[in-house]
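Structures follow.
Both complexes shown next keep chain A, but they swap its partner, so chain B is in the first and chain C is in the second.
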Partner chain A sequence: MTSRPPNGHFTILYFASAGSFTTKNVEALPAPLPLSKLFATLEERYQGIKENVLDNSLVTVNLSYVDMPGGEDGETSDEEIVIQEGDEVAIIPPVSSG
Partner chain B sequence: MQQDIAQQPEAKSVPVLVNNGQDGPNNGTSGVGGSRRLTEEEFDRYSRQMIVPGVGKDGQLRLINSRILIIGAGGLGCPAAQYVAGAGVGTIGIVDGDVVEVSNLHRQVGHVASRIGMKKVDSLITHLRGLNTLPTYVPYGFHIGPQNAAEIISQYDLVMDCTDNPATRYLISDICVLLCKPLVSAASVQKSGQLIVLNCPPTPQGRVDGKYAPCYRCCFKKPPPPSSMLSCGEAGIVGPVVGMMGVAQAGEAIKILVSALHIPSRDFSIPLERNLAQPTLLIYTYELENAVGPYSFRALKMAGRKKNCFACGENSTLTLEGIQSGTPNYEQFCSLPSPTFTLPPDERITASAYHEARSRGEIPNHLLLDTREKEHFSFGSIDGAVNIPFGRLLAKAAAIKREGGAASELLPGEVLGVTEDTPVFVVCRRGLDSQEAVEKLKELGVNNGGKRRIVDIVGGMKAWKDDVDPTFPWV
Partner chain C sequence: MSDPTQPQQQGAELQDDVCYVALTWGHLNVQDMMNRVRSPAAGAIVLFAGTTRDNFAGKPVKELQYTAYDKLALRTMMDIAKALVAKYGLKGLAMIHRLGTVPIGEESILIAVSSPHRQAAWRAGEEALEECKARVEVWKREEFEGEGGVWRANRDGVQGQKVTEGDAAAQV
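Let's turn to the complex of A and B:
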C-alpha cells in the first residue's frame, strides 16, 4: 500500500472515514514531528478533521498503538514521542457497520 | 421449515441466568470440555479439523460444549455463523430483528432469494441446519438493547459482535465486561474492515493491577459524530470485504474456545501466562483504485485495559442494573454532538418548490451543484446538475483557506453563462451535506457579500424522488 516516504518525511495512512475526509488513503508529511503536534498539523490541512474524525480515532506509529499526549486519559507517558523520518503513522477511526 | 424453527425456545421466555461474572462460566461445565467419547457422526464430521495440531479431541469437545452468541445476522454474522456451525460449536444463539432484503444478498451468504421477507435469524438458521444438524440453534428475532442484553449474553461463553451501529457496539462491550465474557468484534464498511478480540481472557471489571485485555471503550473511547458515521446502506459495502472479516471473526472465536481462553482466570496471582500475547487490531483495506496493488492487511499492536476506562477501569461505576434502567444512555452517547444545521428559510427551498420554479422559468440562469459521491451521481441527476462530491468540496475549501486563492475556484469552471451573481443551488443525497456546503461557500465569500444567492435544496435527492420524480434511481 505504501512506499517509502521522501527524505525528511513520514507516511501517514488514513483509514475509513479519515480517508473520506481527506480524500486520500496516504500521504507524506514533514518529519520530525512531535506526536503532540500531529492533530494540529492535520487540522490545519483539513479543517474540521479533529472534531469529526481525529478525536474519535486511534493512532498508531509503526503499527503500535500510541496514547495521544494531552488527552483526557491521564495515562500519557512522560517522554514525548516524536514522529521520525520514515515512520508510518495511521489514523484509525472506529467502523460500526457490518 | 419455518415450523421447525418455531419449535426453538421462544427467545422472550429464556430463563434468566444470573451470572455476576466472578464465578467463571455459567454452570461450571459449559465450554470446559469433558472426556466423553465422540459419536461416530462427530468423529466423521469433525475429523479434518481435529487432526490439526492444537485441536485434537479435547479441543473438539470444548467446541461441542460451548455456547456462542452471534449478534447480527448480516454481512459479518452470516459467514461467521457458517464457520462456527461447521466447526461444531454446541449451542449457537443468533440475534437480529431484521428481515431478509434483496439488497442483502450480495454479501449476506446465509440468506437466499427464496427467503426474502423472512426474519434473518430464521433464514440463517435454516442455512446452518442444512450445514450441520448437530448444534442447537437459538433464534432471537428482535434487536438487542439495554433491557434484554444481559439476560441473553449471560447464557453464552463467547459473544461475536456482528452488529451495524455504535450504540449497540458500546452496549455489547459493556455487558461483556460486566459478565466476564470474551468479545470478538468485527466491523466493515465500504472498502475496509476491522477485527479485534476484546476482554479475553475475561477479567473482572476494575482489575488494573496487571496487563489485561482491553474492552471496546479502551480502544474507542467516544463514538464519532453521527454525521461522519457511514452505514452500509449509505456508504455501500463490498461483499468479500465484510465476508473476510466475518470469517476471520469465526476463526478467532474457534481459537479462543479450543484453547479455553474464554474461561475467566480464577487465580490472579498468576496473571500473565494465560493472556493473549498481544491485543491486536486487524485492519483490511481493499483498494478498488489499484486493482492489482498489494493486499492490505495490517496487524496493529493495541494497548491493554486502560486504568481509567469508563467500563472496565478501576473506578468504573458501570453496573448491569444501571444499564437496564437507562444509565448510560447509549443512544444519546452515540448521537452527540451532531452539528444540526438549520439555515435561515430564505437560504432553503423544497425540492418541489425548486422543481416548480424551474418549470415556470423563474430561475432561468442558475448553477446546480450536486454534492453526492460520483457513484451516486452516476445513477442519475437533475438536468444540468454539476457533480462536486462533498469531500472534494471540503478539501478544496480547506486548501483555499490555507494557501489563499479565489473562492470562485470552488465552483465548476466551464459552465456557460455563469457570472458573479448567478444563483447557486446545492443538492446532496439527504439534505445535510448540502447545508454544510452552503455554509462553506458563504464563509469563503462565494456569495459576493450577499449579491449572489446560495440556496440549499431541502431533503436532497431523497426529497426529489419522494416529491417530484418517483422513478428517480436513488440509493
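Let's turn to the complex of A and C:
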C-alpha cells in the first residue's frame, strides 16, 4: 500500500493533530537521520510542532514504537537508532478510537 | 507517492484462529460480527456497540471523522484480541472499527465476544473496549457546527487539539 520514498529518503506519516499542524499526511525526508535529530529536523520545518504536537506524541519506525533519545527519563541508549533510507516513520498523537 | 494515512476505501482485516479484527469505511453489521464468534462450545455471546454522541461536554457535534494507521491499528487490535482469548478462554473475539465520516447516532465500533459462560464474555468485552480505546492507532475528530474540528484524545488529562479552518481543509 505504501509506495517507497525516493532514493536517499524515508517516509514520514503525520496522523491526526500532526497532519493538521504540517497540513500534510505524508512526506519524504532525507535519510539517514539519527532518531535523536528527528524532532529538531521537524521543528526546523514546522516551527512550534515540538511543543504543540511532538511532546505529546509517540513515534514508530517500521511499525514498531521507539523510545525517543533524550526523553524525559533522561536515559541514553548505548546504540542509537538511525532512520534509514526506505524506512516508514510515523508520528502518533494520543489515540481516540471508540 | 500513495498516501498510507488514507485507508483504502474497502478497508482492511486480519483473521487469526478465533480472532477477527477489521477497519471499514462501510456501515457496521451486528449480525455479521456475532456470526464471526459463534461457536457450539459457547454459552454466551456479548456484543458491544459504540455509537457517536451528538455533543462533547454540552457542545453540539455535527459529525465525527475517524482516521487510522491501518497496518499498525490492525496489528494492535489483533494483539489485544489474542491476549484476551488466552486470558479468558474465549471461543471467539471479533472487533471492527469504522473509518471516515460517521454521522451522529451510528455505530463506530463493534466488539463481539463468545465464551462457554457469560461472566468471561462480559469481562473480556469490557476489557477489549478499554484496551482498544487506550492503544489502537485510530483518531477521532469531532466536527462542530460552523467552526473547525477537534482531534480528541482518549488518554486522561490530554485535551483535544483545535484544528483551524485552514488545517481542516488540508485533512479532507
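Everything below uses one rule, namely that the second predicted complex is superposed on the first by the 90 of 98 C-alpha atoms of A that agree within 3 Å, B and C clash if a C-alpha of one lies under 4 Å from a C-alpha of the other, contacts with A are read in each partner's own complex, and residues count from 1 in each chain.
Here is the rule we use: a contact is a pair of C-beta atoms (placed from the backbone, for glycine too) under 8 Å apart; a residue touches a chain by one contact, two chains touch by 3 or more.
The model shown is predicted, which means the values in this text are computed figures rather than measured ones.
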So, after the overlay on chain A, do chain B and chain C clash or fit? They clash
Touch test for A:81: chain B only (first), chain C only (second), both, or neither?
neither
Just checking: does A:67 make contact with chain B only, chain C only, both, or neither of them? Give me first, second, both or neither.
first
Under the stated touch criterion, which partner chain does A:29 make contact with: chain B (first), chain C (second), both, or neither?
neither
### Query
Touching A:45, do we find chain B (first), chain C (second), both, or neither?
first
Exercise. Would you sort A:11 into first (chain B), second (chain C), both or neither based on which partner it touches?
Key: second
Is A:21 touching anything from chain B or chain C once the two structures are fitted on A? First, second, both or neither. both
Among 73-81, 91-99, 127-135 or 451-459, chain C is struck only by the chain B stretch 73-81
Chain A residues contacting chain B in one complex and chain C in the other 1, 15-17, 19-21, 23, 25, 52-53, 56, 60, 63, 90, 92-98
The chain A residues in contact with chain C across the complex are 1-3, 5, 11, 13-17, 19-21, 23-26, 28, 52-53, 56, 60, 63, 88, 90, 92-98
Per the touch rule above, chain B residues touching chain A in the complex are 72, 74-77, 161-166, 169, 186-190, 192-194, 219-225, 227-232, 235, 237, 242, 245-246, 281, 283, 285, 287, 293-294, 296, 298-303, 306-308, 391-392, 394-395, 397-398, 401-402
Within the complex, chain A is touched by chain C residues 1-6, 8, 50, 66-67, 69-73, 75, 97, 108-109, 129, 132-141, 151-155, 158, 160-161, 163-164, 166-168, 170-171
Touching chain B in the complex, chain A uses residues 1, 15-17, 19-23, 25, 44-48, 51-53, 55-58, 60, 63-65, 67, 73-75, 90, 92-98
